[in-house]
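Multiple structures are listed underneath, in structure tokens.
Consider the two complexes below, in which subunit A is the common component and subunit B and subunit C are the respective partners.
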Partner chain A sequence: MPKITIDNRTIEVEDGVTLLQSCLDEDLEIPHFCYHPAMTAPANCRQCLVEVGMPRVDRETRERVMDEDGNPVIDFMPKLQTSCSMKVADGMVVRSHRTSELVKRAQKDNLEFLLINHPLDCPICDQAGNCPLQNQTYKYGPEGSRFEFRKVAKPKNIELGPRVVLDGERCINCTRCTRFTQEISGSHQLTIIERGVRNYPMTPPGVVFDEPYSMNVIDICPVGALTSKDHRFKARIWEMSQTPSISTTNAKGSNCVYHVKDNLVLNITTRTNMGVNEFWLADEDRLDYKKFNENRPDGPTVRGQARDWDAAWTEAATLLSGVDGARIQFLGSAHATTEDNYLLSRLAAHVGADTPSYIPHIEEGHGDGWLRTDDRAPNSQGCERLGFFPVDADVLKSRLSAGEIDVLYVMEDDPVGTGVCALSDLEGVKIILHHYHSTNATLPAASVALPAAMAVETVGTFVNCDGHAQRLRPAKAIRGVNRTLAMEVGKSRADLHGTPFDRWYTESNMVDCEPGWVSIPAIAERVGLNLSYKGPRAIMAELSDSNPAFQGATYDAMGEWGFRLDVVGQSEPHPQTA
Partner chain B sequence: MASKAGDWRNYERVLLPPVKDLHRLDVFENHGGYDALRQALTTEKWNPSSVTEEVKKSGLRGRGGAGFPTGLKWTFMPPANPDIPRFICCNADESEPGTFKDRQVMEYNPHRIFEGMILAGYAMTIKTAYLYVRGEYADWITHMERELEKAYAKGYVGKNIMGSDFSMDIVIHKGAGAYICGEESSLMNSLEGKRAYPRIKPPFPAQKGIWNYPTTINNVETFAHVPLILSRGADWFSSIGAPSSPGPVLYGISGHVNRPGVYEYPSGMLISDLIDHVAGGMRGGKKLKAVVPGGSSVPVLRADMIDGVAMDPDSLREAGSMLGTAGMLVMDEDTDMVSFLRRITRFYHHESCGQCTPCREGTGWLENIVTRIDEGEGNMKDLDLLIDLCSQMEGRTVCALADAAAWPVRHTITRFREEFEAKCRPSLVATHVESAAV
Partner chain C sequence: MTDFIKNPVVPLPDRMPDPVVAKDDLFFTEDEKKQIATWVSRYPTADGAVMRVLWLAQEKFGFLPPEAVQLVADTLDMPYAKVYGVATFYTQYFKEKKGTYVFDVCTCFSCQMCGGYDMLHYLEDKLSIHAGDTTEDGLFTVQEAECLGACGSAPMLQVTNGPYVHNLTREKIDALIDALREGNMPQFESVTLPQDENELGGNRRTDVARTTTYTTPPVSETVK
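The block that comes next holds the complex of A and B.
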């Protein structure tokens, strides 16, 4: 491993990496705009300039020349070098802005250049507060400007595609967006047009920037030139709290950040996890946030009548204990957490029912081998690993029509809405339903309807299509008192901006729902099964101990980046689906 | 310093000899055309490495502006490997203001260029050569395409040239009209059909050039010299003109002289000889004020700085300028240097590709300020600001366009400061400006 010296500090670095990356790895900040670790470095922003020197090597002996004190003689390169394009080499000596006035000056000069044609409309810019240009200008830039001319006018408010809007004047021509479409997504839908100071990114003639990953360019844009058509002007970054969690749109389980204001999810952006989605997030994951805010139910109901939670749980318990276990069908859920499904399977076993099945949400042809999968639910793997099998709609329907099922217990899903059965099939069947939305098509037939906490409101574990177990963190509060959730909310919502604009205690946007790990133990208690755990953490701890399919997947092991579960063999076919 | 051109008055032109219709293949053949190529391909004396050696020995230096030793450049190519394509490219994207010498070779002696390219291709074992011509030279492209067809028909280019087992194609590629395409790495991007942004060096073209394969790029005039070096010998070539940069040079003289044009003379001509004797003296008997010796980007010389200065790299460096492309701009006493600089800054502003921040933003800012001064709206502090901006641009970009844009500003202001001050509004306070004046 080569050793390099940065600002009088010698470190060992990985061979073959760039100087900038090795500095960033060491938490030595070097301002930069165009460099992105996943893409080639064009070295065009010229912000990461540093002084670079190499030990002098004797031409004859090929050995390093030493001075009187026995230190190698360092020859500094005549020009400043861009650290993003410079590969590290053993013995390299680097002076950054911390030790070099020349570098400090160069960075200041460059920022002055970057700002002369930048509109400086930060007060109305969506990027403000989260803007590399803004941040680095405050840190390294000049105090004012000597530019006394009209700024270059470029097209503004251009819809590059259905989801991305361009402000050409804010663009600093780092080419991250065009390189994304060339090197990462491969769509080639963006290019730089015009020349010189009039440059800006644009789609080629006749092309619409509509690839399924287009919104990633919003994240990587170091200024506010590319903004989300959906989110722009909705909320300032500091008005929202940011919760790192998992997206729920597909089985990839891409890591994301939920932006929440007053208990409404307003935006979803990517979160880097090199083991899952790297730096990227599909557009569908980003835009699928309205489901957390809209059509949410308001408290439990029994046969359509609003009841309190106690009454609803008691009613559910009555339904379960009133019949032979073999005549109860449990449906787990690929939308629910592993913990909740596990509790459900315990409950099913206790009342003598078969292992739950789950409703698959497969959309053939949707997957692309990258971050989108055919499976449109986030936790099918978790269900499979618990021994659940996908429900066979024909078998279920024939059993329903044969009158073999008295009670149908549906966990956080919608058998009617997904077409597994029709409302008419369910006549005479008592249904216990945990549901997310008041639009749930099974809801009219439900005897007991228990609103369930969604992924942004609960704590739990999803297992993605590759067997990667990852934690959900609550981004918004639910109505009612839940100490575990309250503590998790406090721990997971990083106070990035230090301002109190997000009022998480805003009651009006709270949903009266309960997570599965509250509802199921409450019902279980009423049928004589003790399922009281100290929260999902304890459930997962037990599961990781007792079930080889989840071996080692404790909350501590999953941490921020998830835990890769062992590959497990296929278990015996389910009698129902055989 | 004295002329290094020797007996230049009796110099016999070799690159653009006074032969009528030399561009025609039959005329060219009658005047020794393609002889050097025939010798190289058919006689025992020559093989690829001896051709390179001869060019190296001749001391030929690139005529595109940077003056890099040509033979040395050729040796940078990795050893030939039949599995890995490799290319040479002739840079005919002549666009530096004040430079128009390559056009003359393309018009009057195109076969000499082809011959030089094939010889270079032979020396470096090349199968495909590109001739990248700027789009504005549309007529010359048509002209050369026609002549190239004839050369193909006669078997000078293409498969098994002159019955040997050496084959090479020449592809003429038309640029789309951007100055930056003359920079070799952006030329390669342009040739590949990409946006002509210069590439970061290293890797150099010999390592990763066109389509990331080994590539050597030379100027038109450089290639045109190669057949002469082979047929007349390296010693003949190195005996011409200034020893540090020998050989015939095409001097493009423009501006306020009586006979502007392209003149072929030995290297190391005195600037004063070129103006007074070659170009027929100053127009209207005016006094000389300034000379830009090698294309618009090299530092301007005041009339009192050219005494005894010869057109070779060392002499010009001593005088405070550079040889560049030897395209000389001559200005008489009536020239407004502010206006001159305004035009130059406008050019670089227009031609900056916009890849790197300092150049993209700096070139426009320079033009803004110089324009303001030229229109009488400038302030004294603007002059210091201009110099300051030049320091902020020089050496901080991927390619040399920022330097090319900054040098004329820096040197025109320092060498003609009184003219700039005269156009600025008088200052009542100290003129020095801090880096971040609010």
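The block that comes next holds the complex of A and C.
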């Protein structure tokens, strides 16, 4: 491996890597805008300039020339080099702004150039607070500008497509967005038009920037030129807490960050995980957040009447007791966590019912082999690995109409809404329903309705389509006070910007719901089954120990980036515990 | 450039324009395709020929509306957006319809000092149009250009991406317009150094018919 010396520090670096990347890998900051690790380096922003020298080599002997002290003589290149396009070489000596006045000056002057026509509208810009241009100008830029002429006015507030809005004046022409459409998504919907001070990214005439991954350019744009049509002007970045978690729109389980203000999810952005989604996140994953805020139920009900949790759990337990287990049908959920599904299967076994099935959410043709899948639920693999089978709607319907089912226990899904059965099929059947939304179409038939915490309110594990087990972290708080949850919320809502974001406190934004791992043990307890664990962490620890399909998937092993489970077929049904 | 400095506004191009070239006319003939194939064969990838093929399209259709750019992209199997980027980068590709004769009057540094703007304004007055516009009869377009690399014979202009007219004077402009109205394009002219007059019979190049000699350029009236 080549050795290079940066600012008098010698490090070993990977061969064939660019100088900038090796510095970043070493946590040595070099300011830059246009470079992105996943794309080619056009070296057009000129912010990453450094001094680069190579040891002098004797032409005849091919040996390094040494000075009197026995150190290699270094010949510096006459001009500053862009570190993003320069490959490392053994013996290379680099001076960055830490040791070179020249580099410092170059960075400062370059920023002055970049800001010549950049509007000073940070106070109303969505990117402010999270803007590489703003940050680097504070750190390395000049205090003022010597440019005294009118700034160039470019098109503003232009909808490049249905989801991305362009402010041409803010653009610094780094070409990250156009390279994304050329090299990553391949849609070729963007290009830089015109030249010199007049240029900016645009769709060619007749083209709309509507590819299913268009919003990634918002993340990679190093300024506020590209903003989300949906999130524009909704909240400043420092008003929201940022929780690293995973998305729920499909079975890929792309890693994301939930932005929450006053217990409402306001935005979802990508989180890098080279094992799953790399740097990218599909638009559908980003826009699928309103479901966390809207139409949420307000506490449990029994036959449509609001009751307290105790009464509702007791009622559910009563429905389960005294019925022949064979006449109870349990439906697990590909939307619920593995932990909750596991607890459900334990409960089902206890009352003598079959292993739960789950409702598949397959939308043929939706997947693209990248980050979108045909499966529109996040945890079908978790269900499969627990030995759950997709429910056969015809069988279920015929059993219902033959009167073979007395109690239907539905966890975090909607059999009527998904068309598995109709409301009329459910007449005379007692239904226990854990639901997310007051719009759940099965709700009118529910005997006991138990609002359930959604993926952003709970702790748990989803297994993605490739068998990658990943942890969910709570991004918003729920009404019920729970020690485990309170601790996790505290831990996962990292305050990135040093602001007391929980100043906004609207009681009604905290949903009166409970995670499955609270509700199911409460019901179990009332039918004589002890399912009390010290939180989901302990449930997963047990599962990873006892079920080969989850071997190794402890919370510690999953950590931030998840844990790749072994490929297994259907796992054995769980050992029936008394 | 003056207008842009006073009023530096970059317009948004029409994003959903109606096509101007009829569908039936939007193709390259077999001969043109053969010609394109030879150009393409000179480069490692077809992309290399994009500028030449855009030029061909401009000569064929008079200018480059989006559908012509799309045709070029399809012909070379390149992304349309990329070809559009190239077409907008170069001012010599006309994105909208221009006059039969386009005057690119150089108003860059050297020409400016030697009266580039005087010439531009003279042309504007003479044709009663503003820089950037086209005369009503569709014959002439006047526009400002940046340095065309002929500073030695400043002030100068270029006619429709073709021949240069050097050492401009008002009389030369009058004569040029009269000639163009008759349909006579100025011929290519090589400009040579005064000392060549004696040495090489006035011309370093053997392949051009017309030469002119560098003269001491005038000084712009506004600078005087």
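A few notes on this one:
Here is the rule we use: the second predicted complex is superposed on the first by the 563 of 578 C-alpha atoms of A that agree within 3 Å, B and C clash if a C-alpha of one lies under 4 Å from a C-alpha of the other, contacts with A are read in each partner's own complex, and residues count from 1 in each chain.
As a working rule, contacts are C-beta pairs under 8 Å (C-beta built on N, C-alpha and C of every residue); 3 or more make two chains touch, one makes a residue touch a chain.
Worth saying up front: this structure is predicted, and the values here are computed from it rather than measured.
Upon superposition of the two complexes on subunit A, a steric clash is found between subunit B and subunit C.
Contacts of A:K534 after superposition: neither subunit B nor subunit C is touched.
Looking at the superposed arrangement, the partner reaching more residues of subunit A, out of subunit B and subunit C, is B.
In the superposed model, A:P205 makes contact with subunit C only, not with subunit B. Looking at the shared chain after the overlay, A:K108 reaches subunit B, while subunit C stays out of its contact range. Within the superposed three-chain model, A:I192 lies in touch with subunit B and with subunit C [touch as defined at top]. After overlaying the two complexes on the shared chain, residue contacts for A:R483 are found with neither subunit B nor subunit C.
When the two structures are aligned on the shared chain, A:R59 is found in touch with neither subunit B nor subunit C. In the superposed pair of complexes, A:V152 makes contact with subunit B and with subunit C alike.
In the superposition on chain A, A:Q182 contacts subunit C only, with no contact to subunit B.
In the superposition on chain A, contact of A:A43 is made with subunit B only, not with subunit C. Two complexes overlaid on chain A leave one subunit C stretch from 63-71, 171-179 or 207-215 clashing with subunit B, and it is 207-215. Comparing which residues of subunit A touch subunit B with which touch subunit C, the overlap comprises 149, 152, 191-192, 194-195, 197-198.
If you check the complex, the residues on subunit C that touch subunit A are 5-17, 66, 69, 79-82, 84-85, 88-91. Of all residues in subunit A, only 149-155, 158, 168, 178, 181-182, 188-195, 197-198, 200, 202-207 touch subunit C in the complex they form.
Residue ranges on subunit B touching subunit A, taken from their complex, read 178, 195, 197, 200, 349-358, 360-365, 368, 372, 385, 392, 395-398, 433, 435-438. Partner subunit B is touched in their complex by these residues of subunit A: 41-47, 49, 78-80, 82, 85, 105-106, 108-110, 112-114, 116-117, 142-147, 149, 152, 172-173, 191-192, 194-199.
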